[in-house]
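Below, each structure is written out as structure tokens.
Two complexes come next, and they have one chain in common, subunit A, joined by subunit B in the first and subunit C in the second.
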Partner chain A sequence: MDRKRSGHIISRGLEYAITFFLILAINFFLPRVMPGGPLLSITGSQSSDLPVVIDEETKYKLMEYYHLNDPLHIQFIHYISDALHLDFGYSIFYNVPVVDILVGRLPWTILLMGTALVFSTIFGIIIGLESAWKRGEKLDHALLVIMPFFRSIPAFFLGAIMIFVFGYKTGWFPTSGSMTPYMNYAGFIDHALDIISHLALPMLCLAAFEMPGTYLLVRNICVQQLGKPYVLMAEARGLKERTIKKHVLINSIVPVINQIAAMLGFMVAGTVFIETVFSYPGMGMLVYNSFIERDYPVLQGAFIFMSLVVLACNYVADIACSYIDGRTGQE
Partner chain B sequence: MMSLLDVQGLTVNFSTKEGIHYVLKNVDFNINKGEIVGLIGESGSGKSTLAMTILDINSRSREMSGNISFSGEKIDNIKKEKMRQLRGKRIGFVPQSSMNALNPLVKIKSQFFESIKAHTNMSREEMLSLTTRSLEMVGITPSRMNSCPYEFSGGQRQRIMIALSMLLSPELIIADEPTTALDATVQLKIIELLKNVVQQKQTSMLVISHDLHTISKICDRIYIMYAGRIVETGTRDEILNNPVHPYTQKLLASRLPLMCEPVRVKGISGTPPSTLKKYEVCEFMERCDRVSEICRTVRPPECTGSMKVACHLGCNLECHPE
Partner chain C sequence: MHEKTLFQRLKSPKGITGLAILCFFIFIAVAAPFITSYSPADVSSSPLLEPGSEHPLGTDDVGKDIFSNLVYGSRTSLMVALLVSFGVLIIGTLAGVFSGYTGGNLDRVMMRGVDIFLMIPDLPLILILAAYLSPSLWNIIFILILMGWPVGARITRAQTKTLRVSGHVDFARVSGAGNWYVIKKHIIPDLYPIMITTVVMQSIRAILSESGLAFLGLGDPSYPSWGTMIKYAISYPLVFFTDAWMWWLMPAGLCITLLVLSFVLVGQALEGDK
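Here is the complex of A and B:
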């Protein structure tokens, strides 16, 4: 069985590699099928307000320098080889290598998304299981109303309210950034506490946005599982409530993990709003600002990095599922 | 002989959106120590509800009245925790869908261990040797205890279920259709196995089935259930050779003979009665071909106390004094 499992893991890995290649291809071809060209933003067109006059020879040299005269597939090969060398070009706005910007931003987003994911998943599962266990009772009915309510509040609105109440009115938490600027920290713990206090509000906001989905999913799967014969038998064997819940959870967790992995993409979209509202210096805010500035190289680089993170999480979820359910991938 | 399980006047209703389901109606029922008792009835007659009510594992939207006592102690309406300690330790259960009654993702060994842990304080070694012994008893190689349930065949899973319910040597085993969903050859083996382990451990057993012929081999006494009511009871020989209630007679007549020329099997015409309906007279009247005038007006006697048949046909003068 272990050999089967490692075979499954390798073949899934190859599938994800192909997916990543397709993402790279879309990322490369999509901007290039649009009208206009990169030089247009440098030279401007004759009709625009500030046409930069540039002679044909310079234009040709620039085209040559950026390989823009080559056929598309040659450009694509150059692009792939550059990407493999982590060269995603220069930012138009910041004028530094894109990779340098991304590497500075990515850890913050991973910290924010990771903690929110762990928080929303753990509480979503606990509350969902409890709600399913008490199905039809008052607690269950109440949760079924409250949770979708949180989901339907737009994340940026919830964020604004949180900033107003917990940041501005009470002053419990800082309202923006990821660390206090120009701060001299007494030690590691001091530093960590500062990061955590900055993280708390955006993390809670993102988690509040994510948790209802997890909750509803867990509740529904668990209600289904609770009707299964093995649960009845577990009761007939006189097992304790905690043990029975454990049984239900083991059987519910595989679809939950898969669903959460699939929803990661939406979570990325959520971080764009939340990081912007909280001025959190992660990928989301970078994407937002780059979009305003039309900083295409940064946008493209950010998309690749984010899709790489999402794919990696899905891959980890696949491997985890094959360990929980030995039947996965045995067909 | 002392009665191990004694059920008196058990009435169970379930309230649902469609209305109230009258599932069990004034059921009197007992099992003596060391006895194997069969409970026969068609689908929907309330056999499984009786089993689950005894174990108290169907308490959702259930209304019940009547008394259940187990070895002299009252067990209806006792504390949940007390009932839990009874289940699995003193009353074992072999469920209807044994194929899916084990958690598919948990190793057999862990499922045995957790049953033991829920009721006793054994050490690991003791748990291991107990599990090994009970798997050997049902003919499963103990080394396979590290496998998950989906790696076993249906018959093997049923054996494992039997081992699991016998694990803590309960005084009573309730086997709810233990042979359904198994093919005929395996059915006989499972029935034999059940009989052997019960005799070995001197356990009492309640076997529930819709198949009178399969389980009658091992039963000492039989109860026939129809529409939530016990309609006839007696020793195995009484029921098989001298059935009084028309329903029992028809059940016996619907037997499918083995290894003989093709015959026309007599079934029972009509459909089983609805649990949503409250019957004023005999529930079987619509399907009975021995209906007489009295059936339309007077409710038949209840199968309680010394009465052994819930039918006017089984009455002597004393039950209809007029």
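Here is the complex of A and C:
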């Protein structure tokens, strides 16, 4: 059985590797098929505020430097090997290597997405299970109306309201950035508190964006589980409500984890909006800023990084599920 | 039949509420020129007026009438929703039926491709595409269809696979019906419920994406959009210090929320209570 599991893990890993390769290929071909030609994505636009004027000789040198005069397949090999060495070129706007910017931004996004994910998953599971248990009762009906309503609010609008209520009206939390600038911290705890208070609003906002999806998912899976014979058997044996819920939860956890991992790409979109509204210096705001500046290398590098994080999380979820559920990999 | 028809499902309280809100917005979009006398692009009024008899919701920082932007914004949202959802429906259904009905290796490769596609975070990719293309509503619609059809194809394909091995399809084939005949007469009609769900889900996605992209500055300047209104409202530094948020920020946000909610409610009503 163990061999089957490792075989399953390896084959999934290969699939993710192919996916990542395809993402790199998309990134390679996009600038080459889009209007403006590939050099546009390196030097920036002609029609921006500061138009880049290049004479033919420099242009040829640049084309030579970036291997743009080579045949396409040679270019592609160069591109892949650069990408594997984490070389995504230079930022047009900041004029530093793209990787340096990305690595500086990544921790903030992981902090924001990670805490929001933990928060929304825990609450989503608790509320979803409760709602499924009380299926057809008032609580369930109420939740089935409230949750979709939350889902209908655009993330950036929710963020704006939160800034207004918790930032301006009550003044409880800071509304932008990730730390107080030029602050002298008395100690580690002071520093941590400052980061947490800056994290609070965007995190709550992202969690509120993510939770309705988790709730509906958990509710649907648990409703299916509750109809199974083992639940009836457990009830007939007179087991306590808590014990039965535990059984149901353990049996539902694998699809829940898989689905939540699959929704991560969707959560990235929420992160872009929320980081933009709260000026939180993570990958999301970087994507927004580099879109506004038409900073193509950073935009594409950020896309690769975010895809890599999403794929890695999916792979971790797959591995975790194969350990939780012994049947994985068996046909 | 013991199964409720689509029409019966829509007659639930949720369905009626959703349809009522949707009809309200459709009415506003159609009757826009009669509801407001200002053009949404008209900047002739003085800026930052408070609501009054001339301007029911005041004016924004460049002197546009907020109410008429709100009214005309419903046209943009509904148009994007309509075009994107039908674009996804047509391409997704064709691809899904083809993949599910043919089966075999081709089907497996196609569905692997769709799985891969669904895992890619779509917003950064949309922004990259939009950064290369010029900002126009048609480009946004094109991109949203491009990124959306795999979802439609996946659902349709699953249902097609079930239908293909069901009794009446087998019977039709044994009776000598050709592939085209079976797909046209027995598969497509049985896909109608799924198609309606696809349209509803894609409309939700399209409205939220359009307003979101407009908020990020990707909007088409010649089409008024609720997302753009929110963008300018919160980038105006004094919006939260005066009462301007009440008539500038809130109405646009509430309109998006209500319109999306109407589709969500219709979708829930169509799925029926589980």
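Keep in mind that, in the parts below, the second predicted complex is superposed on the first by the 311 of 331 C-alpha atoms of A that agree within 3 Å, B and C clash if a C-alpha of one lies under 4 Å from a C-alpha of the other, contacts with A are read in each partner's own complex, and residues count from 1 in each chain.
Throughout what follows, a residue touches a chain if its C-beta (ideal position, glycine included) is under 8 Å from a C-beta of that chain, and two chains touch if they have at least 3 such contacts.
All values derive from a computational prediction rather than experimental measurement.
Trainee: Is A:182 contacted by the first partner subunit B, the second partner subunit C, both or neither?
Mentor: After superposition on chain A, A:182 lies in contact with neither partner.
Trainee: For A:65, decide between first (touching subunit B), second (touching subunit C), both and neither.
Mentor: The answer is neither, since A:65 touches no partner chain.
Trainee: Which partner chains sit in contact with A:325 here, subunit B, subunit C, both or neither? Use first/second/both/neither.
Mentor: Touch partner of A:325: subunit B, not subunit C.
Trainee: Who does A:310 touch here: subunit B (first), subunit C (second), both, or neither?
Mentor: A:310 sits against subunit C, while subunit B stays out of touch.
Trainee: Please determine whether it is subunit B or subunit C that touches the greater number of subunit A residues.
Mentor: When the residues of subunit A touched by each partner are counted, C comes out ahead.
Trainee: Thinking of the overlay built on chain A, is A:233 touched by subunit B (first), by subunit C (second), by both, or by neither?
Mentor: After superposing on A, A:233 lies in contact with subunit B but is clear of subunit C.
Trainee: Output the subunit A positions appearing in both contact lists, the one against subunit B and the one against subunit C.
Mentor: In subunit A, no position sits in both the subunit B and subunit C interfaces.
Trainee: Quick one: which bits of subunit A touch subunit B in the complex? Just the residue numbers, please.
Mentor: 228-230, 232-240, 243, 247, 250-251, 324-327
Trainee: Please name which positions on subunit A make contact with subunit C in the complex.
Mentor: Result: residues 15, 18-19, 22-23, 26, 30-31, 34-36, 41, 136, 144-145, 148-149, 151-157, 160-161, 163-164, 167-168, 220, 223, 262, 264-266, 268-269, 272-273, 276-277, 287-288, 291-292, 294, 296, 299-300, 302-303, 306-307, 310-311, 314 of subunit A touch subunit C.
Trainee: With touch defined as at the start, can you tell me which subunit C residues reach subunit A in the complex?
Mentor: Residues 14, 112, 116, 118-125, 127-133, 204, 208, 211-212, 215-218, 227, 230, 233-234, 240-241, 245, 249, 252-253, 256-258, 260-261, 264-265, 268, 273-274.
Trainee: Could you list, by residue number, the parts of subunit B that touch subunit A in their complex?
Mentor: Its residues touching subunit A are 55, 57, 84-89, 93, 95-97, 100-106, 114-115, 118-119, 148, 150, 161, 164-165.
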